[in-house]
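Note that the chains take the letters A, B, C and D in the order they are written out, and that residue 1 is the start of every chain.
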Amino acid sequence: MTNLSKAIDALKAFRDERDWAQFHDSKNLALALSIEAAELNELFLWSKNPELPLEKQHRLKEELADILAYALLLADKNGLDPVEIVLDKIQLNTEKYPIEKSKGSANKYTEL
Amino acid sequence: MTNLSKAIDALKAFRDERDWAQFHDSKNLALALSIEAAELNELFLWSKNPELPLEKQHRLKEELADILAYALLLADKNGLDPVEIVLDKIQLNTEKYPIEKSKGSANKYTEL
Amino acid sequence: MTNLSKAIDALKAFRDERDWAQFHDSKNLALALSIEAAELNELFLWSKNPELPLEKQHRLKEELADILAYALLLADKNGLDPVEIVLDKIQLNTEKYPIEKSKGSANKYTEL
Amino acid sequence: MTNLSKAIDALKAFRDERDWAQFHDSKNLALALSIEAAELNELFLWSKNPELPLEKQHRLKEELADILAYALLLADKNGLDPVEIVLDKIQLNTEKYPIEKSKGSANKYTEL
């Protein structure tokens, strides 16, 4: 695994070379992220197969990269460490979804 | 920065302890991600301030963590390295948005 | 079918009695609509059945109503007649998706 | 106002001429709706103006038409009358947001 900080630094350099930080308030970053999430979902629309055919894998890769990019920029703007917040959330979910009650069931899982 | 692999491993352990991999096809993971993205956006809805007040920061942290979690699980399921795909996308965008043409302008930026 | 104008008038009366028009700029109405769309999608998340069980039908009804409400308010704010714009779009799509090329195929359909 | 039933009939005729009902399960219709909602939101992304310039109004018209089209098809598939469900929801919200407590305030409004 290459280093996550390297990706964050590259994203910020890309942004700053274009003077785009002025557009990147948190509300717009969140909106951009959800638009990319919709483009990701579009790859699966109307298909009976919940996995992508090989010829669409490069689009999955690109849409997922856009989502991660905006998530990392939004975390950075709000002083959050992406890895720490994921680990903290797993901790919360461990309490919320005890293994014995959650095993094999999608009930309440939608509220994750 | 703590290690990203550690977060991915923790996410997969959490999932497997609950036998939830059966629900995690790529289409549903993408859908789950976009639902979390909407919950993130809801924090900013109706507000005139594009940044969050302090008392909502913990919710930003949690929604962003959920988004990252699903993005990491979806990348893992499709054999993608999260850091590599972000770096590759920056490469693509560097060609698509040359500095001299993009500087300070949000034009065409929406197609990022 | 009861009258659509009656619903639009009721939505505007509800809004104005609460002095909420001040929050209803087009950007926020569009954002609110997409958040309700995500809540609608959440009803289907993780399920293997693409139709809803009876006990979730009332939630479909409510989420769809919220979506329609924001769509009608956004149309009204921008001087658009909801029925006319749907009929105009069908006209456009009739040219874009000729029957002989589109019949039974979901190809390119995602770009509808 | 032209008649809503006319739009619904035209949507179903368009769908049936192309034999597309086979793709229109409720889960995919809901997903399609949320993707169109994201395309609507994209019109507002990065802009400081929450209203659209004249040259983007035709796109608002088209995206809103797509959203309404999927909402009407989804209502029809689930035996719901679009006007009735909006009127019923206004009734519910009237109880949930009493005028005296809600006037001029966006508090809790996000939970509409």
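As a convention for this text, a contact is a pair of C-beta atoms (placed from the backbone, for glycine too) under 8 Å apart; a residue touches a chain by one contact, two chains touch by 3 or more.
Being a predicted model, the structure only gives us computed values, none of them experimental.
Copies chain A and chain B of the same sequence differ in orientation by 180 degrees, per CA superposition (steps of 5). By number of C-beta pairs in contact, A-D leads when A-C and A-D are compared. Over half of the residue numbers found at the chain B and chain C interface occur in both copies, marking it as a same-residue contact. Chain A and chain B have Cα centroids separated by 1 Å. Centroids built from CA atoms put chain D at 26 Å from chain A. Those residues of chain B in touch with two or more other chains are numbered 23, 28, 31-32, 34, 37-38, 41-42, 44-47, 106, 109. For chain B in complex with chain D, the residues that touch the partner chain are 31, 34, 42, 45-47, 106, 109-110. By the touch rule above, chain B contacts chain C in their complex via residues 23, 28, 31-32, 34-35, 37-39, 41-42, 44-46. Within the complex formed with chain C, the residues of chain D that make contact are 1-7, 10-11, 14, 17-20, 22-23, 25-28, 30-34, 37-38, 40-41, 43-44, 47, 50-52, 57, 60-62, 64-69, 71-72, 74-75, 78, 80-90, 92-94, 97, 99, 102-104, 106, 109, 112.
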